[in-house]
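Let me begin by handing over the structure; questions about it come next.
As written, the chains take the letters A, B, C and D, and residue 1 is the first residue of each chain.
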Amino acid sequence: MDETPFDDDTLHEECGVFGIFNRQDAAALVTLGLHSLQHRGQEAAGIVSYDGRQFHVERHSGLIGDTFTKQSVLERLPGGCAIGHTRYATTGGGGLRNVQPFFAELSAGGFAVAHNGNITNALTVQRELQRRGSIFSSTSDTETILHLVATSAARHFNDKLIDALSRLEGAYSLVGMTPDRMIGVRDPLGIRPLVLGRLDDAFVLASETCALDIIGADFIRDIKPGEMVTITEDGIASDFPFQKRRSRFCIFEYVYFARPDSNVEGRNVYEIRKRIGSELARESHAEADIVVPVPDSGVPAAIGYAQEAGLPFELGIIRNHYVGRTFIQPTDSIRHMGVKLKHNPNRRIIEGKRVILVDDSIVRGTTSQKIVQLVRDAGATEVHMRIASPPTSASCFYGVDTPEKSKLLASRMSIEEMADYIKVDSLAFLSIDGLYRATAEPERNRQAPQFCDACFTGDYPTALTDFDSAEETRPLSLLATNG
Amino acid sequence: MDETPFDDDTLHEECGVFGIFNRQDAAALVTLGLHSLQHRGQEAAGIVSYDGRQFHVERHSGLIGDTFTKQSVLERLPGGCAIGHTRYATTGGGGLRNVQPFFAELSAGGFAVAHNGNITNALTVQRELQRRGSIFSSTSDTETILHLVATSAARHFNDKLIDALSRLEGAYSLVGMTPDRMIGVRDPLGIRPLVLGRLDDAFVLASETCALDIIGADFIRDIKPGEMVTITEDGIASDFPFQKRRSRFCIFEYVYFARPDSNVEGRNVYEIRKRIGSELARESHAEADIVVPVPDSGVPAAIGYAQEAGLPFELGIIRNHYVGRTFIQPTDSIRHMGVKLKHNPNRRIIEGKRVILVDDSIVRGTTSQKIVQLVRDAGATEVHMRIASPPTSASCFYGVDTPEKSKLLASRMSIEEMADYIKVDSLAFLSIDGLYRATAEPERNRQAPQFCDACFTGDYPTALTDFDSAEETRPLSLLATNG
Amino acid sequence: MDETPFDDDTLHEECGVFGIFNRQDAAALVTLGLHSLQHRGQEAAGIVSYDGRQFHVERHSGLIGDTFTKQSVLERLPGGCAIGHTRYATTGGGGLRNVQPFFAELSAGGFAVAHNGNITNALTVQRELQRRGSIFSSTSDTETILHLVATSAARHFNDKLIDALSRLEGAYSLVGMTPDRMIGVRDPLGIRPLVLGRLDDAFVLASETCALDIIGADFIRDIKPGEMVTITEDGIASDFPFQKRRSRFCIFEYVYFARPDSNVEGRNVYEIRKRIGSELARESHAEADIVVPVPDSGVPAAIGYAQEAGLPFELGIIRNHYVGRTFIQPTDSIRHMGVKLKHNPNRRIIEGKRVILVDDSIVRGTTSQKIVQLVRDAGATEVHMRIASPPTSASCFYGVDTPEKSKLLASRMSIEEMADYIKVDSLAFLSIDGLYRATAEPERNRQAPQFCDACFTGDYPTALTDFDSAEETRPLSLLATNG
Amino acid sequence: MDETPFDDDTLHEECGVFGIFNRQDAAALVTLGLHSLQHRGQEAAGIVSYDGRQFHVERHSGLIGDTFTKQSVLERLPGGCAIGHTRYATTGGGGLRNVQPFFAELSAGGFAVAHNGNITNALTVQRELQRRGSIFSSTSDTETILHLVATSAARHFNDKLIDALSRLEGAYSLVGMTPDRMIGVRDPLGIRPLVLGRLDDAFVLASETCALDIIGADFIRDIKPGEMVTITEDGIASDFPFQKRRSRFCIFEYVYFARPDSNVEGRNVYEIRKRIGSELARESHAEADIVVPVPDSGVPAAIGYAQEAGLPFELGIIRNHYVGRTFIQPTDSIRHMGVKLKHNPNRRIIEGKRVILVDDSIVRGTTSQKIVQLVRDAGATEVHMRIASPPTSASCFYGVDTPEKSKLLASRMSIEEMADYIKVDSLAFLSIDGLYRATAEPERNRQAPQFCDACFTGDYPTALTDFDSAEETRPLSLLATNG
């Protein structure tokens, strides 16, 4: 499998989901929706449609715009209801059999499901199910949901699904489809986003509002933490079948994952990022001549920073968007120039200047190191790195691909050591309270945090059953597959 | 899906299986074995290997020689044990998810299985399993075996498998593999072939002896009807766990399916085919000048016929072996020349001659019609068609792709009508007793036939549960898939 | 060929060139250089290398990062000298045979050439060459150069090339390679850019400086208009073999084509674009609340505008960079949403605001119309469109893919009509003198313009032989090819 | 490029040509014609059509039935005239640019040509043409014809072509097409075949009559050695523009190349092969029990041998026709079993028998060695090898891919040594006079041989200019290409 080694130093959201009920050409609209959610997963995607008689599924590796937009593919997805999923493939891969949505023919009829998040006791539950004879055809935690539904003793479909989800820990925002309904659910903490929209008579479920915008759908509201909405021909119904908990939405969605033009949990992402920049300028400004973002993710915070600090905002680093997904660094002798495939400093802007460099986060630190070096080579006299989030010091188990804790720079170095490591004149991270302020909270409530901020604080809001017992963390299936 | 319309007028064996236990480069040997079994299924193939730690699977559409022989594919199949399967895709297809071997991670460990034959109560059993919560990931009858094993209450693996197979009707010659054993089983009637061989220290299971030949393995013996052999590091063990029944081997394997250089159930296929030709000459000789086979399948019978009749054997029809698998007939105006893509008569041989034309069977009759026309156009003064089997008047439910009964020419016409339809001067089929004589039986035992000859007689040796209740014959899954 | 209909409303540079002489792994470095020139042509690319004994060529459709970065491709391009070319395929295509570099085996040895620009008498010369027996294997104007060299009566290679180029009109910045030399030439007007760099002992030629940056090469200088540099093992030599003319560099390179981090003809592109924004604000400011660029090309001018006007710069439109190259709009019913595949307005930023919308140019006007509509739909109370160049009212014949004149909005409408057409509250273009000022010229010298600005003024600096006689404008070859 | 090492021990015809003039769907008919000529070249094929306005070309690697039969391919080849070519790629390959037909836009209009044979002074002429400025885009000798036509001073097209061909030595049967005519020519010796047929109003040119049969065209006659036929809307005209010579048709076409159902030069290939078998039996019969052909090429001679010798003809070796074109032998440890991929002896037929093994020729001897070993391993008590041609002791320079002379077994061993090398009990080749007798000649005329039999006698009927001067034998172009 081809690698993009210069890309393994960012965090990756693992999924985006989208569904539309009761609309001609449903799969074409799902395609558009997934295209606008492409930032949540670029490796593979799938769509399941239902034409009133039969389910249809397509799964492909690659970008939506290269795969699902072919006429022949869409023709194989007829019907007025469809759900889709876009995915960032984590290590191990597993090929197309791990690409969602998953589908099962239950004795009561077909059921398809697409899931954003991560179940933290999936392996444990899978082992139980295997002991009673269930056969898993993937290594995905999502398949566990299908089997729990299939083996539920409950009578009605919604009850089976509630039954199933009640067995699970972790994060899930999911969209499900049966012959007569579409269902959207968020876990009780509402860790991952899910929104409800409307396009004329059709209801839409999507990970973010930008996916409503692309099809011209109106935003109705966020699905609430712990809510299950059921969309049928008769309209929409809402339930709260799980034990009520305080919401803990993922704060990193604001920092990096969500698209800047999306509104999540009532807040506009671009505005929060600009406010993050302002907070950062207030907390830790350094004397400098220009504010330069690491594009593209650092741009809104840099604009906010520059406005607050009264410094010029300059595109001092140009990003090349043509990077292919399989850009192998051709030979050893030029391997070190990886970062240049994506970023080139503009010497005329930077030379002789004191530069505030704004980036969203530091993961392993290797990219920051290289970018700082580029900026210095381009003639910056000082480089002051400002990070639009607190130090990332703990892994995420809720659907984000993070390196193990020991690989996170912030887990093994102090800020001073990090500054030294990436060779900047000064380094500052946004404080956790500064981050909360940017979201319009007065500060982090230590007793009952308003968000999931485990990647910054190590304070995990759910049990982590699979990960607590080390021997259970091997992948479930012994099968390595390519077909 | 591309069609080869000039090919739908033959019967197709649906499968060949091959396994080798305890031999370096096991998958490479399976590749060779499947290559020699390619005549039993040309659409897709799969191999599962086990390297002492992990199972590996590869599934590909197309010929073995185009897919599995790439170094990169074989490198993904390490290990000293491997089983493989080659498959003729029946209508509906289902893509790679229906390509065997199937694999499941049972709570006791991995299990892979490859199956030749057809289970005639698979749908019925699948419905029961679904009601208890099993999820099927294919539309293949073979997956039922996996689920029955997974849900068996028996303790030991072999007992689980016996338990599972005891629930099934129909034909199965199968090869299974777990981390510590390879298992070969034939159904109690032994409808499909399965042979045991040895290559130095390694045991081999294969559908036909030609697959032993290609790897230089020695033939040990046929697996017996109802026998289960278990191959482990300690050697081989044999059981007969099912109720004892009289053997009913498929007689059509001799007529057409098996390779002429194979020995099945103790008989050499080429010799039987020559004897079939002799019987045919004895039963229904016509005055003629030359004996011409419809190549390639009619060749041995034509040699036998010519020797018996004392007439010259001539290659009066030349077969073009370069026919691609996707040869679409380019335009309507030339669609009728389909048969010429494969067969061309040699005018110089045929012109002015009375021709005995020998073919293995008549299915729909359309090909025969066209070939007779070709031979007449090439100047034959008389065409006497001789068929190396009795009239094919009933469908096979044991692993052969036959048109439904009403499409079989012999089910709706008398021999005279058929002669008229295909426009020959005379037409004769081998008698059922003649066919039995060719296999060295004195005649067909009406009370207890020595073979399964249901396609000629309609006398099915097993129940046909799924097919007896019409509403059950729709395909199990409502899912149409392409990924 | 798949179309991206929402993309046909921009101008496309047709080529980027890159060459390196005397450096291990030359082709890998050319790959990197072409990657950084990808904005000059995204449809196909080619590289020719010379290993001291033999030339090697690879040509592929698609992005560099998807094609040339495979190890297997680079292994087929050994040698220490290599040149490459990236190409925007114009209408008609012609498949890979039109992908440069072109190569010919001359009686004196091999010769490869890559060309940026367009020869305006190529068809006329080709006809002459055909009459004397030359056979063209492409429909590219570049092949004409090869044939003129091949048939030149001059003795030495450089003289043959001078001889050939002297016959041509139009724009050419080209990189050529023979077994013992690399040659860079710009046409006497220097319409297209070409720069010289150095990487340790190796010389580099490239369309833009950003391609030097990516491989860590130092910029030496621009190749001068009318200059031919010859790089051999002995070093570099410079000649000016053509009649001296005043330079007429393409001013649109500053407006749109060149990468913002490149320096061309001594000027930094990003800085000029910011100055263009400032000039625009000075010339035609409107009362408004925010300045919003049409991303990505409008960003630097919008920053300059906002700084000059003292208004907030806001990313009010978000661009989706995942647009596949083959994004077909799935069905008629949703075809109109094309522009949304790339651009989504951020309602929270725009709603209730008076917006200055900054874009680089207006071609057909269809995209502007749709973007204005998006911004209005997002709640802007006023939309004032400001264009960072004068009205584009004439076609380019020097290597840019422009619609024919009659399709250019500015050729058939006044500014007021255009404002009406795209439905803005006000529309202003930068004046031609404003544009010259942004490049640090005091104004346009009407008698002897400092740049080629034909697309704005219709003042073409060369003869247009092929285009002046209408009947000659059909493509040369009658052959439509796909192989 | 993948290799089939078990296939390099046969001789390969390099080309088949086909053209049809004045028939709807011409390209579809060319596709069928090439399919029936697939035995003359399996690596790649091309078709050029002319639709009255424009030429169209498609070139593809692989079998006709896998490439040209797609509807989309045929739709790109509209028009009522088309020519095609199928090709065996010789070493060095060169990719699709060497795939014929070749096309050139001459000043007088387009010209396409497809060529079977080999020009023995092509390199010499190419060098002359290059010196006057011609640029070659392939390494094929056929391109030389295009350039000679393009540079001919003659006025009319036919005269240009005559002019061109008069400059050439060697073998050529070619089909050419311009907007108003189709031309068929054979070299003065008529070394390669070319036949004329008619399908209603349309004329057809083809390498063999089997290609007429497949489209239902009537055979008119062989094009004569040195004849040029010109087909226009007005009908057909015949010329003999070259100096008259005695015909020297390639006798190996009868032995191996041509299809058995073709008639070439008035003789039926199958009949001659049977007569070859009879001659062989008369010349060198050995006591034996059965006659077994090496399939498929040895079959007709074995039938003839068996009839003459009064021995049973038996299919003692079964050929597997599913051998993929890229069958790589998977691992070193099993590499020696290569021949088994194609051939398996039928032990039951062979065991305990004295076997006459009939093959068409011995090239390197490695395959014979392996097949003899297989037959011995299957239990033959004696193996008598009979070869249906004289010893192949010299290379062909007229369009057949032969190993260099030193690799030919017969060039370095006596018959006794060969018998020893391949380990047979006896070995006999057909005598040269026996071969001539089989063609119905009384014997070989030593002074003026009736055929080209250079591969057996070393008596080359033309000059071999390129090959006589060793330094000229390197391939013309220094360019290695993959695009």
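The rule is simple: contacts are C-beta pairs under 8 Å (C-beta built on N, C-alpha and C of every residue); 3 or more make two chains touch, one makes a residue touch a chain.
A quick map from chain label to UniProt name: A, B, C, D = Amidophosphoribosyltransferase.
Note that this is a predicted model, so its numbers are computed, not measured.
**Student:** Determine which of the two chain pairs, A-B or A-C, is joined by the larger number of C-beta pairs in contact.
**Tutor:** Ranking A-B and A-C by C-beta contacts puts A-C first.
**Student:** With centres defined by CA atoms only, which chain is the most remote from subunit B?
**Tutor:** So the farthest one, by centre of C-alpha atoms, is C.
**Student:** Approximately how many whole Å separate the CA-defined centres of subunit A and subunit D?
**Tutor:** About 61 Å separates the centre of subunit A from that of subunit D.
**Student:** Would you kindly tell me how far, in whole Å, the mean C-alpha position of subunit B lies from that of subunit A?
**Tutor:** Chain centroid spacing, subunit A to subunit B, equals 49 Å.
**Student:** Go ahead and note the Å separation of the Cα centroids belonging to subunit A and subunit C.
**Tutor:** Chain centroid spacing, subunit A to subunit C, equals 36 Å.
**Student:** Where does subunit D touch two or more other chains at once, residue-wise?
**Tutor:** Touching at least two other chains: none.
**Student:** Let me make sure I understand the interfaces: which chain pairs count as touching?
**Tutor:** Touching chain pairs, listed by label, are A-B, A-C, B-D, C-D.
**Student:** Please output the residues of subunit A touching subunit C within their complex, sorted ascending.
**Tutor:** Its residues touching subunit C are 24-25, 28-29, 31-32, 35-36, 38-39, 42, 63-67, 69-71, 74, 210, 213-216, 259-261, 263, 268, 270-271, 296, 299-300, 303, 307, 312-315, 318, 320-331, 333-334, 337, 340-341, 344-349.
**Student:** Under the touch definition given earlier, write down the residues of subunit A that touch subunit B in their complex.
**Tutor:** Against subunit B, subunit A makes touches at 46, 53-60, 76, 96, 99, 103-107, 109-110, 127, 130-137, 146-147, 150-152, 476-483.
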